[in-house]
Amino acid sequence: MTQIGSPAPEWRISEWLNSDEMLTLEALRGKVVVAFAFQMLCPGCVQESIPQAKRVHETFDGNAVATIGLHTVFEHHEAMRPVSLRAFLHENRIRFPVGVDAHEGDDPLPVTMRAYRMQGTPTLLLIDGAGRLRRQAFGHVPDLALGAEIMALIAQR
Amino acid sequence: MTQIGSPAPEWRISEWLNSDEMLTLEALRGKVVVAFAFQMLCPGCVQESIPQAKRVHETFDGNAVATIGLHTVFEHHEAMRPVSLRAFLHENRIRFPVGVDAHEGDDPLPVTMRAYRMQGTPTLLLIDGAGRLRRQAFGHVPDLALGAEIMALIAQR
Amino acid sequence: MTQIGSPAPEWRISEWLNSDEMLTLEALRGKVVVAFAFQMLCPGCVQESIPQAKRVHETFDGNAVATIGLHTVFEHHEAMRPVSLRAFLHENRIRFPVGVDAHEGDDPLPVTMRAYRMQGTPTLLLIDGAGRLRRQAFGHVPDLALGAEIMALIAQR
Amino acid sequence: MTQIGSPAPEWRISEWLNSDEMLTLEALRGKVVVAFAFQMLCPGCVQESIPQAKRVHETFDGNAVATIGLHTVFEHHEAMRPVSLRAFLHENRIRFPVGVDAHEGDDPLPVTMRAYRMQGTPTLLLIDGAGRLRRQAFGHVPDLALGAEIMALIAQR
C-alpha cells in the first residue's frame, strides 16, 4: 500500500468509458478524488461498492469531488473484457467515468493495482485536492464514515 | 407465452455449465422443475432472481425438485459469452446446472426464450412432474408464494 | 416443547385485538393455523417475524389458512400492556387477529407460552387442519421454507 | 420550523434516560449536536432513524459530536409512557441519551416539538457548536449526506 499522506501514484488507464477525455490525477488536482477499484464480476463490488459509488456521484458537487471507477481486473481476464464492462455500465446506469486499469506484459495484476499494492476488490481510494493519498480501504466503508471523510477533505481544500 | 397447463416446450441448449450431462425436460420428468431464465448482466436477475434460485436449490430436495438456470441472452450478446458466464457462476457460487439458451441464425432472441414467448429477464418457469408448464412469471415472485407453489406441485406428483 | 404431531394445546387469551370473537383452536379446526408468538418490543419480532406474518396473511386464502398473532409477554410487562399493543398494531398496519396470552398469578410467563414450552420470541407454530402441532420454531424461518410447509399442510387437509 | 441559522430553541425535557445529568443545549455548546426526534412506535423511526442514530453515535467522537434522542410523543400518549420507552431502549441497545419531550397542560404536542414546529417523526436536527440550528429534516436523510453534513459542522467549530 502506498504510504498514506504521500502523493498518490498516477494511474495507468488503457481505455476510459463515460469520459471523452483521458482523465489524469494531475488534471484532477484541486478536486477531492473518490476512486472505486472494482471488478464487474466481483459480488462484493456489485452489491456494495458500485451502489455506493453511484450515491457518491449523486450526492457531491462534481466541481468539488470527482467520482471515478477503476476496473482493476486481476482474475478471469477473458470474462471481463471492455465489451462486457461497457454492457455492465449501461445496464447498471453507471454514469461516472470508469478507467480500465492497464495490463503490462504477462502480469495478471494491472499496473495501477500493483502501484497501489491493492489487496483485492473492492478497494476505495481517497485523494485530496493536493493529490495526496489520504485513505486506502480494502472492503466496505460505511456511508456515514465515507461521507464524513469526503467532507473533511473538501473542507481542507 | 405458452398456454398454462400445456406441455412445456423442450428447451434448446448449446452448452451446459455445472452439469456433465445434457439435461432435457424429458429426462427430468417426474420432478418439479423450477427454471430461472436470466442474463448475467441484468440487474434484477443479479439482485433478486439468482439469489432466489440459490435458495430454491438449497431448500428443496434435489430428488423432488430440479433447480435450473437458463441463460437467455437477447441483448449485449458479445458481453455475455459463455466465458463470462462461467466466471459469473464461479464468483457467485452458483452450483445448480445452467444451460445456455441456443441461438439460431441471426435471431437476437435465443430459441427457448422465443418458444416460451418470454417478455424479458428474469422469467420464472414452474413445470410439474408430468412436464406441463404450470406458471410463467416475468419479474419477481416473492419467496413465500414461490415456496407454496413449488410444494403444491410436489404434492401433486 | 409440545411433541410434534400431538394435538396442539388450546391457547388461553385474555383479550383479542382485530377480532370481534374469541378465536379458539377448536373453532379454527379445518384450517391451517399459522401462529406467530411475539412481543411488541422484541427487535427480532419487529424486524422479521411481524413482517413475515403480514406476508402470510396477504398471501394465503383466509378460508384455508388462519394467520394469528399471540402476544406472549414474559419480560417488561409494564411496558407492553394492551394499550401499547393496540397502538403498535395500528401503527404497523397489522390486520390479522392478535390474542394477548393470559397471565396467571405471579407467573411472569404467560399460560400459552408455558403450555407450548416456548424458549422465547419470536416463535412460530404451524397447526394442521386436524388441530395437531406440526412445527414449532424459535427464531426466524425463511419465507421459502415457510411457504412450502404451509402448502404441505393445506394439501393434506 | 425555526429559521435555519438562528439559535436553536432550548429543548424542554421531563426526564432523561441513559444520562445522569439534565442535558441542555446550553451545556452542549462547543459540540455539534445531532438530535433525532422520534416516537418508539413510529415504524419509520424504528426502521430507519433509530438505527441511523446508533451509527452516528458509534461513528463520531463523543468529544466533537453529541448524539441525542428526543422522544416527542404527539399521538398514542398512553402507549408510549416512559416505562415503555425504557424497555424499548434496553431491547434495542440504545446507549445514547434520550430526553422525553415535556408536555404542558392538555396540549397533545410536546413543548420542544412545538417550539421547532416539527411536522412529525422522525425529524433530524443538526445544531452547530455555536448553538445555531443548521438543518431540520422531516423523514429520512441518507447516511452519506448526513456524514458529510456533520463533518462540515465539525470543521467549522
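All chains are identified by letter, namely A, B, C and D, in their written order; residue positions are counted from 1 within each chain.
Everything that follows uses one rule, which is that a residue touches a chain if its C-beta (ideal position, glycine included) is under 8 Å from a C-beta of that chain, and two chains touch if they have at least 3 such contacts.
Since this is a predicted model, take the numbers as computed values, not measurements.
Chemist: Count the smallest number of chain-to-chain hops linking chain A with chain C, moving only between touching chains.
Modeler: The distance in steps between these two chains is 2.
Chemist: When the contacting C-beta pairs are counted for A-D and for C-D, which pair yields the higher total?
Modeler: A-D
Chemist: Interface check for copies chain B and chain C. Shared numbers divided by all numbers used: above half gives same, below half gives different; which is it?
Modeler: Both copies, chain B as well as chain C, present the same residues to each other, with over half of the numbers appearing on both sides.
Chemist: List the centre-to-centre spacing of chain C and chain D in whole Å, with centres computed as mean CA coordinates.
Modeler: About 35 Å, centre to centre.
Chemist: Going by the touch rule set out above, which residues of chain A reach two or more other chains?
Modeler: none
Chemist: Okay, in this complex, where on chain B does chain C touch?
Modeler: Touch list, chain B to chain C: 52, 55-56, 59-60, 142-152, 154-155.
Chemist: Hey, which residues of chain D end up touching chain C in the complex?
Modeler: 41-43, 46, 76, 78-80, 83-84, 86-88, 90-92
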